[in-house]
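Notes for the one structure printed next.
Note that the chains are named A, B, C and D in the order they appear, and that numbering of residues resets to 1 at the start of each chain.
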């Protein structure tokens, strides 16, 4: 049973093929990681799947529906949510408000009801706040609830972004480098969090640089290089794949 | 907020306490009508100083409390309220534009304070309101004066090019209303924005209109100067009329002697002071004002400063005659003004007429060789 | 036929004025992403300082030079006192700051100069040139020539000189520009001096046509801003095309439709263009980076 | 009851409006108060649009113009009561904002600024040029609201100045209450969220285009009602109410006081309304001072006066 299926996705920027003909599938409760050297096109791929970029070719199918190039807010209604590599939190709002924002689809009613502060609006706001506090507890940020998000540490912001995404109760969660910039302890915390979310039946698509983490938690790995899928399989088979080793060594040699 | 209010209160209290007769003014000394308001304010300040140096009115000193309303009617209303409620003036002069005048008028009428406006529209005094008077000719009279002249020349079809500012738009509308009285048909009707750089498109369109015999340009500021230059540029040979809005030497200078040659407009005695007959009733007052203003400011007199001069003259004359600085007494005395020569004309107010001028006060002028001349 | 030509010439004259003002916007925007609403005041200063210097007895070319240099110096002062200290402020704050500067300059001008309308003689006389039955004033050619010259100068500056590229680099990424050794404070100073100087030059060229007074700046700024946005902010080609397009539109609307609504036509076209090209005609396309 | 920032703001507002008249040396101060309240109402709309949703408008005076002219024209031409004309003006403004907002809110930054500027100029142009209907730049009389007479018959005799002071004050309190409700609601949170990051707002399911449009429409209604109140109070209105400088004034008031907060907006409105009154003695320098204040506040109190001061106080408290 496939939840998310990527079919021949590709895009070019100014004649340069950033991603070309990439296909794979994700099942509920599965953690699929996309790896590859810097500039392999991982984030671009994510941006296409999540509707930020319009793909030049291919399809994204969610739950049997073609959702290619659909606006992110419509994808959210269909159960897809994501986090960002370079952090997109609402800086001038409190941590709690950031998390409540994740409840937007459940919380929002008519704007007139909001203006007049009608009981319906109050009730929904209260429910969202309760849920948000619960989530903050789960990611360990309950003590920071009233602080302005901009004042949090990098690792905390990463967890905040995940909490906000979880508030949507997504079927598919796209995580773009959730552990980047985190120390070992923080990485492990995020590690557990992701495993827990997957265990609850959410399909997780992950871009991550921390190879140890990827190997530890992934069920399935897709490897990109120069925008092309060069390998795919379980962690063990991928780590032995000569093409993958060559790509990484090549990249490191070039970088070094 | 409270501290600000107290600050204003202190400033208000700090006004000189020796004032005997408090005159209020709300003038557009800055903003889009500054071209008109600036000489008006300078005139009032100069005249008050001069009056007090001569001993004031009936031995009492006159204090002028003048506010700059930026030509904003909303501000004008606020300043009028301040003049009435806070400064407790006995009369108000001002309202450079019709918009600001209408705002002040409402306040003055409510508070029963006499008010002399410096703006053109006929609506200000028609219908007559008990406390409101005005010194400038109405723009309708300017149209009538011009159309009279056209009629004499046998002109029946004209084109108009008007500014979209209050002055131009109001006169444009009035001219359209009275044109049929003079058997004149307006066959082309164009406008320009006061800040436009070039009006050849509009003039070309008018020029190309079938049967146009003359062109009239109501407006003030730089617009009419540009229209006049474009007129010459397009070599339009038709008689060209400007409005009293540009009746000052500055217009000839800006439009250029060559381009301005032959332009006719209805003006006041002020522009042709040197040409007035020795027995002209306006001659003494015109000469005196011209000399005083030009010495004081170093800029040539214009019609608009003259309006302020006349308003001040009427006001002080009325207070003198009333022998009292009570608003109601002043009002009655203004309404009884008769045969008072100002720079604009000779004023005679009646309960039915709060303008007090007729068409004879306008003189048809023509520019020749860079000088104003009287059309006989 | 000669009517159409006259409408076009009228439009081109006005358009050249807009283009000159719009070009002034380009440099500051390129260096700092600030749209300087005080640009119109530079135009006013160019005209007014020339008027007063000329009236004081200086020959016209010298008076014009004084005006351009003085205005450029003022531009530098504006950068140092009002723009540099507000680095990183949101767009709306920058709009308020530059409008504040423009109100300040206007307030100062009314005190230093006066509230009268002024002009000075056209450079090559007032005898109109005739082209197929239509006419144009020699001064209009000066303005058109000025706009073209400034455009070519800017285009060469931005594409052919190291300094011009440094300006562009500073706009794209200030930090990176600093890292590769570009003296960014100097680039900013230079851009404000250039922008103000071009604004003053515009004022010198257009005053014999439009006249000047202490409060003409706002109208210039609005039309120049509209022209620059129509063409796509930051691109000298956009400023030039936007300016002429706006002017010709106004001329044709005044001639064929309604002179009352010629400004309306201009803004409707701007709204229409932005609807299809949200970055203007020649603007840089931007993508969200996430 | 817990003292939330919302109830503190509202309480302070009520107390200020109710008690300030005790200190008024003359009837003129009622006029100033009423003007401050009207301006503050319009600026509260800007707070919603610019402060929370992060969208710039340089054309909101256009909506004030619609509200004002609805009160001038509807009673004369269609025999509608002035009070209903306020509602009519607000409805027209809302519909227009909805129609115009859809295309222009796709634009960002300066492009949105120029588009909204164009919209405002078009409205003011219609008011200036359609002389047959609006009587052009010289302005038009506005009918009496009539509520003061009703109150007088009911035994509450207020001067004209007093009536408008309290009437506008009450409308402002209502407007502030609605805005503060919105701020902490799902919609308000979403507006502030999309200001922070549009792309993140989208990923949590926020319909960004629709939200921006809602903010635009709401702020247009605020401006429209403010315009109506101004017209009814002055009993006379000119197209200046829709002019570019009025739009700039609204934004300036909002930004000076603190565009993110309703209290800041009211403060900004108060300062800029009082400034010309305080400076009358130095009227020549008014422009100079206004310009300098705008620049200095934006440099030294970036978030606006009220939020910057609150932050300093809080910072010291910690």
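A few comments on the model shown:
The working rule: a residue touches a chain if its C-beta (ideal position, glycine included) is under 8 Å from a C-beta of that chain, and two chains touch if they have at least 3 such contacts.
Remember, predicted model here, so these are calculated numbers, not experimental data.
The central chain here, found by comparing per-chain C-alpha centres with the mean of all protein C-alpha atoms, is D. Farthest chain from subunit B, judged by C-alpha centroids: A. Centre to centre, using the average C-alpha position, subunit B and subunit C are separated by 35 Å. Work out the mean CA point of subunit A and of subunit C, and you get 47 Å between them. With centres set at the average Cα position, the gap from subunit A to subunit B is 72 Å.
Chain contacts: subunit B has residues 29-30, 164, 191 touching two or more partner chains.
Multi-chain contact residues of subunit A (touching two or more other chains) are listed as 52, 84, 88.
Across the assembly, subunit C contributes residues 110, 260, 263, 288, 290 that each touch 2 or more other chains.
Contacts from subunit D toward subunit A in the complex involve residues 178, 181-182, 184-190, 192-193, 195-197, 199-208, 214, 218, 260. Partner subunit C is touched in their complex by these residues of subunit B: 29-32, 34-35, 38, 164, 190-193, 195-202, 204-205, 208, 221-222, 225-226, 229, 232-235, 250, 253-254, 256, 258-259, 299. For subunit C in complex with subunit B, the touching residues are 3, 6-7, 9-11, 13-14, 17, 110, 114-119, 126, 128, 135-137, 140, 206, 209-211, 213, 215-216, 219, 250-252, 254-255, 259-260, 263.
On the side of subunit D, the complex with subunit B involves touching residues 16, 20, 23-29, 31-32, 35-36, 128-129, 131, 136-139, 141, 160-161, 230, 234-238, 240-241, 267, 270-271, 274, 276-278, 280-281, 283, 286-287. On subunit C, the positions that touch subunit D within their shared complex are 35, 81-82, 85-86, 89, 91-93, 95-97, 99-108, 110-111, 218, 222, 225-226, 229, 233, 260-261, 263-264, 267-268, 270-271, 274-275, 278-280, 288, 290.
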